[in-house]
Amino acid sequence: MKNGGRTLGVAMIGQGFMGRAHSNAFLQVSRFFDTPYDLKMKIVCGRDKTRLEEMARRWNWDETATDWRAVLERNDVDVVDIATPNNLHAEMAIAAASAGKIVLCEKPLARNLDEATRMAEAASKVPNLVWFNYRRVPAIGLAKRIIDEGRLGEIYHYRANYLQSWGADPHVSGWRFNPADAGSGATGDLLAHLIDTAQMLNGRITRVCATMHTFAPGRRVDDAVLAQSYFANGSVATFEASRYAIGLQNHNSFEIHGSKGMLRFNLEDLNRLHFLDAVAPAHLQGAADILVTGPDHPYASHFWPPGHIIGYEHTFIATLADFLNALAKQDSFHADFRDALEVQKVLDAVERSSEQRAWVSL
Amino acid sequence: MKNGGRTLGVAMIGQGFMGRAHSNAFLQVSRFFDTPYDLKMKIVCGRDKTRLEEMARRWNWDETATDWRAVLERNDVDVVDIATPNNLHAEMAIAAASAGKIVLCEKPLARNLDEATRMAEAASKVPNLVWFNYRRVPAIGLAKRIIDEGRLGEIYHYRANYLQSWGADPHVSGWRFNPADAGSGATGDLLAHLIDTAQMLNGRITRVCATMHTFAPGRRVDDAVLAQSYFANGSVATFEASRYAIGLQNHNSFEIHGSKGMLRFNLEDLNRLHFLDAVAPAHLQGAADILVTGPDHPYASHFWPPGHIIGYEHTFIATLADFLNALAKQDSFHADFRDALEVQKVLDAVERSSEQRAWVSL
Amino acid sequence: MKNGGRTLGVAMIGQGFMGRAHSNAFLQVSRFFDTPYDLKMKIVCGRDKTRLEEMARRWNWDETATDWRAVLERNDVDVVDIATPNNLHAEMAIAAASAGKIVLCEKPLARNLDEATRMAEAASKVPNLVWFNYRRVPAIGLAKRIIDEGRLGEIYHYRANYLQSWGADPHVSGWRFNPADAGSGATGDLLAHLIDTAQMLNGRITRVCATMHTFAPGRRVDDAVLAQSYFANGSVATFEASRYAIGLQNHNSFEIHGSKGMLRFNLEDLNRLHFLDAVAPAHLQGAADILVTGPDHPYASHFWPPGHIIGYEHTFIATLADFLNALAKQDSFHADFRDALEVQKVLDAVERSSEQRAWVSL
Amino acid sequence: MKNGGRTLGVAMIGQGFMGRAHSNAFLQVSRFFDTPYDLKMKIVCGRDKTRLEEMARRWNWDETATDWRAVLERNDVDVVDIATPNNLHAEMAIAAASAGKIVLCEKPLARNLDEATRMAEAASKVPNLVWFNYRRVPAIGLAKRIIDEGRLGEIYHYRANYLQSWGADPHVSGWRFNPADAGSGATGDLLAHLIDTAQMLNGRITRVCATMHTFAPGRRVDDAVLAQSYFANGSVATFEASRYAIGLQNHNSFEIHGSKGMLRFNLEDLNRLHFLDAVAPAHLQGAADILVTGPDHPYASHFWPPGHIIGYEHTFIATLADFLNALAKQDSFHADFRDALEVQKVLDAVERSSEQRAWVSL
């Protein structure tokens, strides 16, 4: 038992790409952070027994299970982590919360607003987390700090794109293209991230006007979504998410213009943030290309020396570290199910707007 | 009389920033290009006699005049160039065309669709040009060539922003902020450029959904405009133009994603074009940063050796060179009043869409 | 016992920053790669018992030890990894090799050429590795592939800089500033990396002319080193390494110009490589900004999906994976002690050149 | 006669690329700047009568002449501008100065130090200028200002490259490849620019160690030159100039690291300067990408509004404007023949160092 804390037994449901990213976070969190709990990676649950065994061996899970409901009854499981396709989130999260477990859930929280509302209600009784991992990108943490320090002034424009291209392959398939499993396409998969980051950085979105578009003949989820919106603070925004943005793989970017400055970020260069200080001496103004790896930057000192960059997986590790520390101190943690519900409300408005070809208020 | 051509007497109306840019083009075109006409810079017209005299001296105009209508009657004036505030374009252009003059006009063509329609009608009888000078940015010419060569394949996404910040100064004023003079704000000033470039590169826009927004209290023109749209070729687009994009001065940019490649451009780096060839060997794919100054690039050989960059003013020079050559060969020239009318139709749809909070078809 | 291989017991000597990076590699290698051996993290050795206990707990070492010689006698230790200050490398590596252990050693191999020669001799009898981890940066692997494919043609210029700034702090201290411990300053610490990468990509260096320079008053190691050199293939090079390059933290970069193309890399953006294909159509030539995270790129498929970037630590993981696979197949592995000896010969020539103010041949 | 000044009659000798750049400057200087003199473009001199006639017509020269010595005797010629191959500079400049003319001369000043010394001596009696035009790149002017404001602190490192690729073409020829005409290859052509900029920004160079290298078989001038050096202020430098840097056309770049900040520039992006303020709050430090087109930037207000970039030719225009204003005020002007002599001393030391394979002091 490290640091006088207690042990937490973890069960994870899911055996895909996200299952790997979460497993890595459970394994690595105590290497890089002082954590108040000793995590025991008890059980990995899924349907495919053979792949589960391989996954358990590779990622150090003690056991495997194919019946996730049975896992909820075990006393040595304190935390249930849901890394499944979207259609299973609601049922699993509600059951886990009802069983009194700490609940962690992949994003998007749900396929639709109804599910998300019920999930947030259920989870309100237990500690909970939604894996909006990009909140813990050091550069995004720094963006939040710069905004909180008042260095952007009054915000005028918010502009964010999440651009990928893998959907343009006609042979691509899987649950992400089935509306019953995924809820939506680019909207839930990509726009959800943009909205969570936007609401964290710039406050509540109040109105949207959106277009969901499918390029692939016969495909039943959206390949791309475009949106205009207003924030409660009076700023205006454009959002765009696509799986047909040939040339880009994971271009999750934002630009913010305020009365005192500008910020720019792109996940494909996640160790960098660009900040223009519009109150600096006029002859020196320019977007500073900040390599966010220094001792004064979020999370950086937990990893490697300045200039030694981190990658995608570290955002999950830092998310988990923050969650465990908040849990020990009984502090609030974000993003939780309520934050994710706020995202889902926007996604729901986006879908209605696109359907009705009209502005929708939130 | 050079090259066996004939002399063209030019009169320009306007004495502001655009008057300087046009004057420079008239002066410089025959330095860098072989032109079939010998331009005589006859008369600069405007209201402020003192400033006109200074302008004539500085830019080599033979005479000044404060009565532009009288100028139309002169036989030694073949070309009338309109570089005035927008509210004067229609009256002047229609009169000049009626007088049988070659008519050149600054963009946006007009304050509104009605004016533009009448102007295009009047100008249809004479050679004419609209100064959508960015068509002659070498990098944009190269983008056009790449698209025409089929290197982008089927277009999926078009995304363009024209971002400036000078409107955020509360002390800024002038005709550009008066609806009666300018017609609109960011829409006519900046979005017009985006739409012309877009329709040149990607064809006709068929539907728009737009938001015009004013940040400055009491200001009566739009400071920013956001739009979603569809093109006739099935691609979807987002457009954004603003005078409140703190941190940027002249960021006129586009990105295009097609089935075979991607293009990116930004006017603040006007000598560069980024092209990603998505049919290149997979391990080599990346956006090529092309310095568009080589002998195989549009206009470049007319200016300086490879790597010796050009600036803003050269786009006017190249526009004029192309116009004169088309004139001599009796070829069609673009952008002309009809192209500009097509832009105005989109701007009109944008204004109606914003007013009605609804999609508008073209 | 995974994959029918056998277990390898590992002992690591060292408890600093490099000890962490190596520990992480031992822990993570079998998560991301199929490895033919099951690594047992047996013992971490060092002088400070208290910090060792903490390190063992954090990084999962079974035991701690303060007497590294005793560790060499243990039968359950197959691999000895040396992550200590440079002055201990020779004694430890020679003893470990003499004890028949597989020997892994941090770079620079030694403080001087004499030590390095003796080490390479001793290690020639056992499997061995030197942690020139940057060979496994995916972008550097891709650079090697592009060169091997003949896409650069005949090489003319090689240019590499390793620029950091932490040495400019007057309060900085430690073994790296003591000649007896470190051998040299920027030369062994930074230039060593440049030389190893250069010789891997561009072959043998044959002559050097160098300047070692110390900015800090009273400091006894070099803060910076500049060098010109020739390669056996006829190309010429400039190298520069510094701990006084204010503004940069870990700017390890190279540029190569060959008759058919150009390559550019910078470790601060380690997921990117820039390649210009000078035999592409002239109008399309530009440095392609390749995001080296795709299925056709080295190592990338072992980590995350395209566009999900990796960081510094992954280069150690990939190094270890390659080493273990080479070991199982009895293939040669690079960089080994002989490669590191070749680097040391260049460093030695650099030191002599700087002292003699003259060119030195290798 | 503008501004109460007097008329200056100009004769230019030279009809190549540089002749065009100078002609353009003479034509344009009074468009963009208030100049105290009215320049009369009297005579363009050269050997090829036919091409001279075409040049005079295109660039507005009143007359042509093939005997430059006769031109020196004309009373209506006040200024003699030398834009010929290097081998003619000395004879012409000395004769023009002896005739009491204002002398302007292309760089490099001379083929060798002896010529340069005699030229500087002769020119000391008349107003004179050497066309080190890059001193008037606005971004380089801003760099100078930033250094003069003390924002870099004590300088540690200076690093500059001038990289082109046109020399790698085996079919390229002309006077630039003939030692008798050019003096040297990359050294006089490209390194000369780097040295002038370096000595303007960072003071006097005191020692060099250089390598001149020729790639092309049989070529008798250097294709590339590498140099290390010390400045009088204690900083160390690397310089590299090449005509074999495949992939680059006009990459004239520098980086400077001082105790308080860093600067970076590249002529291929001549409207930008990168400045890192190392005394800014630590979490905000990054290289600011300054678009040097604002009202607070050198020369910018003479050209176009902020964000409307300028090109190569504008550096000649601004050079001439500064010269004319200095002339009217009887102020000193730089770069003059003495500055260029200081450059030539360094080039001479470079040549001796390369020949002797040794360091050479200045």
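Letters A, B, C and D mark the chains in the order given here, with residues in each chain numbered from 1 onward.
The definition used in the following text is that contacts are C-beta pairs under 8 Å (C-beta built on N, C-alpha and C of every residue); 3 or more make two chains touch, one makes a residue touch a chain.
The structure displayed is predicted, hence computed values, not measured ones.
Visitor: Fewest touch steps from subunit A to subunit D?
Guide: Contact-graph shortest path, subunit A to subunit D, evaluates to 1.
Visitor: Could you work out which chain's C-alpha centre is the most distant one from the centre of subunit D?
Guide: Relative to subunit D, the chain with the farthest C-alpha centre is A.
Visitor: Mind checking the centre-to-centre distance between subunit B and subunit C? Centres are C-alpha means, answer in whole Å.
Guide: Result: the chain centres lie 54 Å from each other.
Visitor: Determine the centre-to-centre distance between subunit B and subunit D, using the mean Cα coordinates as centres, and give it in whole Å.
Guide: Here the centre of subunit D sits 35 Å away from the centre of subunit B.
Visitor: Between subunit A and subunit B, what is the gap in Å from one C-alpha centre to the other?
Guide: A distance of 42 Å separates the two centres.
Visitor: Can you list the residues of subunit D that touch 2 or more other chains?
Guide: In subunit D, the residues touching two or more other chains are 248, 276, 285, 287, 291, 294.
Visitor: Determine the shape of the graph in which chains are vertices and touching pairs are edges (line, ring, star, complete, other).
Guide: If you draw each chain as a dot and join those that touch, every dot ends up joined to every other.
Visitor: Please name which positions on subunit D make contact with subunit B in the complex.
Guide: 2, 17, 21, 24, 27-28, 30-31, 57-59, 164, 166, 248-251, 267-271, 291, 293-294, 303-314
Visitor: What residues on subunit D touch subunit C, complex-wise?
Guide: Those residues of subunit D that touch subunit C are 156-157, 159, 161, 163, 165, 168, 209, 211, 213, 215, 224, 226, 228, 236, 238, 240, 242, 244-248, 257-262, 276, 278, 285, 287, 357-359.
Visitor: Mind listing the subunit B positions that touch subunit C in their complex?
Guide: Interface residues on subunit B, with respect to subunit C: 142, 145-146, 272-277, 281-291, 294-297.
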